[in-house]
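Here come two complexes built around subunit A, the first alongside subunit B, the second alongside subunit C.
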Partner chain A sequence: MIRVELRKLILSPRTWVTIALLDALPTLVAILLALTDLGPRPGTGPAFLSAVLSDGSLFPLAAIAIVLPLFLPAAVAVIAGDAIAGEAQGGTLRYLLIRPVGRTRLLVAKLLAVLAFVLLAVLVIAVTAYIVGTLLLGDQPLATSVSGSALSSSQVAWRTALSLCYATFSMLGVAAIALFLSTLSDSPLAAAMGALAFLIASTLLLTLDAANVLQPYLPTRYWLSFVDLFRDPILWRNVVRGTALQGVYVVVFLGAAWANFATKDITS
Partner chain B sequence: MIAATGLTKRYGSLCAVDDIDLAVHPGDIYGFLGANGSGKTTTVRMLLGLVLPTSGSIRLFDEAMPKAAHQVLPRVGALVEGPSAYRHLSGHTHLSLLDGMGPGGPRDSRRRRIADVLDQVGLAGVGSRPVKAYSLGMRQRLGLAGALLRSPELLILDEPTNGLDPQGIHEVRDLLLTLNRAGTTVFLSSHLLAEVEQLCTRVGVLDRGRVVLEETMDTLRTPSGRTVVHTPDIGRTLALLGDRAEQYDDVTVTVRAPDPAALNAELVQAGVRVSALAPERRSLEQIVLAATGPSADRVDA
Partner chain C sequence: MATIRRWCVVALGVALLVSLPVAISALPARDSEVSAEELLEKAQGSSDLSYSGLIESVGSLRLPISDHFTDVADLFGERTTMRVWWRGDDDWRVNRLSVGGETDLVHDSRGTTTWDYESNHATRTPTFDIRLPQASDLLPPALAQRLLEDAEAAEVNRIPAARVAGIDAPGLRLDPSEAQSSIDHVDLWLDPDSGLPVRVSVFGLSVEAPALTTTFLDVAIARPSESSTAFSPPAGVDSHFADFVDIAAAANEFAPVRPPRTLAGLARRPTTMGAVGVYGRGATLLIALPLWDRAADPLREQLATTPGAAKIPSGMTLAVGPLNLLLTGTAFEDHSWLFVGTVTPATLERATRQVFAHPPSLGHWVVTSGPR
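Entry: the complex of A and B
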C-alpha cells in the first residue's frame, strides 16, 4: 500500500509544483543577498542568514529556516489535508476501500507518504540551496558553531543532515492534524485550512506571555530548535522535547483520525 | 453468493434501508431495481462494507461482511455510483495503481491483465491517454475495467450503463452475458427497466427502503391467462365473446382465454378477421409500477 501511495505522490503534478514553489523562496533570498550584499545583522532575521554572506555552504540551513515557519507547514497541511478528503472528493476513496485496503493501513500509508513528501521537499531545498549558496554567496569557510567555537566540515555536514531530519520530523504534528481533519471533511480545502488555522493560533500563542502555560505543548514551539544542534556542545534538550512533542501529536491525532475513520460510513 | 437478512440502515431518523432480505445465487444475473432514493446505493455500499448496517447481517461467499472483507472483497469486482479515476493519470496507470492496492492483484501478471480488461471494455486504443480527456462513456468503461481486473467471481455493478450510448449499452450487455456464461455471478442495480428485462434472470424490487418483490424473471413473465387480440372487426368480436372480453379499445380486445390457439380457431370459425393475437405478458415496467409507490424524488405539497 505504501508503495502505491508513494507512486501516487511522485506521479502527482501537484507534488512537484509545490516543491518548486517551496524552493523558489530561498533561491530568491539567495539571489537578493548576492546582488545587494545586504545581510541581516547577526542575531536578527532567520537563523544562519547573517552567516551565509561569508560562507555560502551554510545556506541549506538558512533555506530550511526560511521555509520552516510558514511555507513548509502550509504545504504539508495542503498535502495531508488532501490525503483522505481528496480521495473522497474525487470518488476514488470508495474504490480504494473495496479493493480492499484496510482503513487503518490507509491512514498510516497516507501519513508516511506525507512524511516522504516533506523529506523530498527538504532534500530538494537543501540541495538547491547548497548549489545556489556555493555559487552565489561567500566562499570563506566560516564553520563556527553558534557558540563561537570552530566546527570541522564533517561536523557541519552531519549536523546539517541531523537538522534536515529534525525539520522533516517537525512536520509530523501538522501532518497528523491535517490528516485527522481530512477524515472529518470531504473537502480537502477545509481540512488544509483547519490545520493552518491551528498553526497560526499556535504561532500567535507563542508570542503571548499570558499563554505561558500552554507554550511547551504548542506544535510550533520547538520547530527552530535545530539551531541548537549547532551549539557547542550540542544543546539536546529542546531538540529532544520537540521530537517527543511531535510524537505525542502523531499519537493523539492519528488516534483520533483512526477512531473517526475506522467505522465511518463512506458515502462519498 | 450474497445473502442479506434483516438489513437495516438508519441515518438519524431517516430509514434508508428497512429490514430487507436478499438472496443472490451463484450464476444469477440479479437485477436490483428501485426508484431514485429507494435505498439501492445504500444497500450496495453495505454489501461492500463501505457503509455499516444499523442492524442485520450480510454474507458474501458465505462469509460475514464486513468482518471477512479482506478475504471476500478480492473475489468481488464492483462499480459504485459511477466510475472515478485519478484524472491526471492515464487509464493504464490508473488501473495499475488500483491493482497495486489491497490483496489479490499479483504484480507479475498486472501488465497482461490490464491490457486484457482494457481490450474487453473497448478502451485498448486510449489506455495511454489521461483520464481527464475521456468522455463520460469512456470513464464508465474504465470503471468497468477496474471491476474486472482480478477476474472476480461476483460483480456488483451500480448503474453500469450510465452515460453510455445505445451501442455502448449493447456492448456492456454482451460483455456481462459472456462473463455470466463463463461463471461470473452478476448483481446489477439499475432503474433502467428495459436493461434489466433483457439481461437478468432474477429481480428484486426495492421501494422506499423495503424489498417489495423478489422473483425469477421467468415466473414474472409467465402469461397472465389472458390473450390480446388485434382485429379490424371489433364489434363482432365483442358480440361473439360476451363477458370473456375484459378490456377493449378501437382495435384490440383483451380476452380471458388461457389458450390463444383455441381462441384463434373460435374467432376465425365465426368469420372474425384477426390481424394479431398473443398471450398477454405483463412487462417488467407494469410489474414494478404495480409493486411500488410513487417515485421517491416526487415531493407533493
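Entry: the complex of A and C
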C-alpha cells in the first residue's frame, strides 16, 4: 500500500509542479541578492539570509527558512488535504477501498506519502539552493556557528542534514491535520483551507503575549528551531520539544482521522 | 457504536495528552522551613557561585525607543531568551538568542566582547562602572544581587515555594522600605541548597502583574568549563575595538559635571564617581544622566509622541510601570538631565528642582569620541 502511494506521488505531475514552485522562491531570492548585494538588516529577514552574502554554501538553510513559515506548509496542506477527499471527489475512493487493505493502513500510507513529498521537496530545495548559492553568492566559507565558534566541514554537513530532517518532520503536524480534515469532507480545497486556517491562527497566536499559555502547544511554535542546531553547543531543548509536539499532533489527528474514517460510509 | 467507541478512545487520548503537562506543573512545590532571614543571607552570599543554564526574561515596560536606548527598550519590553555560562564576575558569557541568530556578551577581566551573528560583527569594549542595562543584568542571580543589595531582615518575608527549572525553590519577598520607591515588592525564588536565585519578579505599585520576570528554564549549579566562556572572532569577521559601550558610559566619562552627593534624599552610591550619578540602594534606584543635546533631542521628540508622557514646567515625564523618567527641558546651555529610576514621580521632580537650584556644571561639554 505504501509503495503504491509513493509510486503515485512520484509519477504525479502535480508533485513536481508543486516542488518547482516551492523551489522558485528561494532561487529568485538568490538571484536578487546576487544582483543587488543587499542582505536583510540584522534581526530582520529569514534566518541565515544575511550570512549567505559571504558564504553561499549556507543558502540551503536560508532557503528552508524562506519556505518553512508559509509555502511549504501550504503545499503540505494541499497534498494532504487531497489524500482522501481527492479520491472521494474523483470517485475512486470506493474502488481504492475494495482492495484487501485496511482503512487504517490506507491513512498511514497516505500520511507517509505526504512525508515523502516533504522530504523530496526539502531535498530538491536544498540541492538547488546549494548550487545557486555557491554559483551566485559569497564564496568565503564562514564555517562559523551562530555563536561565533568555528565549525568543521563535517560539522556543517551533519548539522545541515539534521536541519533538513527537522524541517521535514515539522510538517507532520500540518499533514495530520489536513489528512483528518480530508476524511471529513469530499472537497480537497476545503480540507486544505481548513488546515491553512489552523496554521494562520497558530502563527497569529504566537505573536500575542496574551496567548502565552497556549504557545508551547501551537504547531508552528518550534518550526524555526532548526537554527538552534547551529548554536554552540547545540541547544536541543526546542528541537526536542518541536519533534515531540509534531508527534503529539500526529497521534491526535491521525487518531481522529482513524475514528472518523474507519467505519465511515463511502458513497463516492 | 464502533465509531463512538473510537471517538471515545481518541477523546481519552487527547485528554491525557493535554492534562499530563498541566497536572505535572500544578503539583505543589515542596517547601522548606527556612526563615526569610536565612534565605536573605543565603541569597546575598551566593554571588560567588558558578552556574550555567537557559533563562527567559519577560518585561512589560513599553519604553520610548530612540537611537541610543533601543536595546534597553527591547530588554525591558519584550521576551528575551538567554544562555549563560557564569564562571565568576570576570569570566562569563551570556548569549541573547533570537530566531535567526544571537548576540553574545563574552566578558573577562579586561573587557567585554559583543558578538552579533547577523551583522557578522565583533566589538571589544573596556569594562565600565556605568553603562546602560544589558542582557547580563537580567540574569536572575545578577538581578537579585542588585535588588537585595543592603536589604535588611525587616524588609523580607517568606512566600510559598515554586518549582523553577525542576528545583523546588523556596520564595522570598522583598518590600523596599524607602518612601521614594516605586517598587511595591520583589518576589524571589532560590535554590534551597546553594541560595542561587532562580527566579525574580518585580512588581510596581498598585499593579498585580509583574513588570519584569526573569527565570531559569534549565540550570546547572556547577562551574562551567573554561572553553564555554572562550571566544575569538572567527576569520573574516568585522572586528573592532570601541572606546565606549554606550551613551551612559560616554557621558560618565566626558560630561563636565559632578552630580551632588545626595539627590532627592537618596545617597549617591560610592562606586560611581563620574558624571553620572547613581543613587539609592537595592530596589530603589535613581540615576541622573547628563545628556548632550544630540542625544537628548531625539529622546525628547520620541517622548512627545509617546502615549502617557506628560509635559511639566521642568521637562517631560513618563511613567512605565514602576520605572519613571524625567527629561529636563532646555534650561541648561547645551545639555539636559535625564532622571530615571524605580522611584516615584514626586522624587524625580524633587531631584530636578535640586539640580535646577544648584546646577552641578563644572565646565563646557567636550565630546570627542563618544558613541553616535
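Operating definition for what follows: the second predicted complex is superposed on the first by the 268 of 268 C-alpha atoms of A that agree within 3 Å, B and C clash if a C-alpha of one lies under 4 Å from a C-alpha of the other, contacts with A are read in each partner's own complex, and residues count from 1 in each chain.
Definition applied: contacts are C-beta pairs under 8 Å (C-beta built on N, C-alpha and C of every residue); 3 or more make two chains touch, one makes a residue touch a chain.
Everything numeric in this text was worked out from a predicted model, so none of it was measured.
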item: Touching partner for A:Ala150 - first (subunit B), second (subunit C), both, neither; value: second
item: Touching partner for A:Val4 - first (subunit B), second (subunit C), both, neither; value: first
item: Partner chain in contact with A:Leu97 - subunit B first, subunit C second, else both or neither; value: first
item: Subunit B or subunit C, by number of subunit A residues touched; value: C
item: Subunit B versus subunit C as contact partner of A:Ser12, first or second or both or neither; value: first
item: Touched partner set for A:Asp265, first subunit B, second subunit C, both or neither; value: first
item: Doubly contacted subunit A residues - partners subunit C and subunit B; value: 263
item: Contact footprint of subunit B on subunit A as seen in their complex; value: 1, 3-4, 7-8, 11-13, 90-92, 94-102, 263, 265-267
item: Subunit A partner contacts - residues on subunit B that touch it in the complex; value: 45, 48-52, 69-70, 73-74, 76, 78, 80-89, 93, 97-98, 100-105, 146
item: In the complex with subunit A, residue positions of subunit C that touch it; value: 2-3, 6-7, 9-10, 13-14, 17, 54, 79, 83, 95, 97-102, 104, 115-120, 122, 217-218, 231, 233-234, 236-237
item: Parts of subunit A lying in touch with subunit C, wherever the complex brings them together; value: 42-43, 45-51, 54, 65, 140, 142-144, 146-150, 209, 224, 227, 231, 235, 237, 248, 251-252, 255-256, 258-260, 262-264
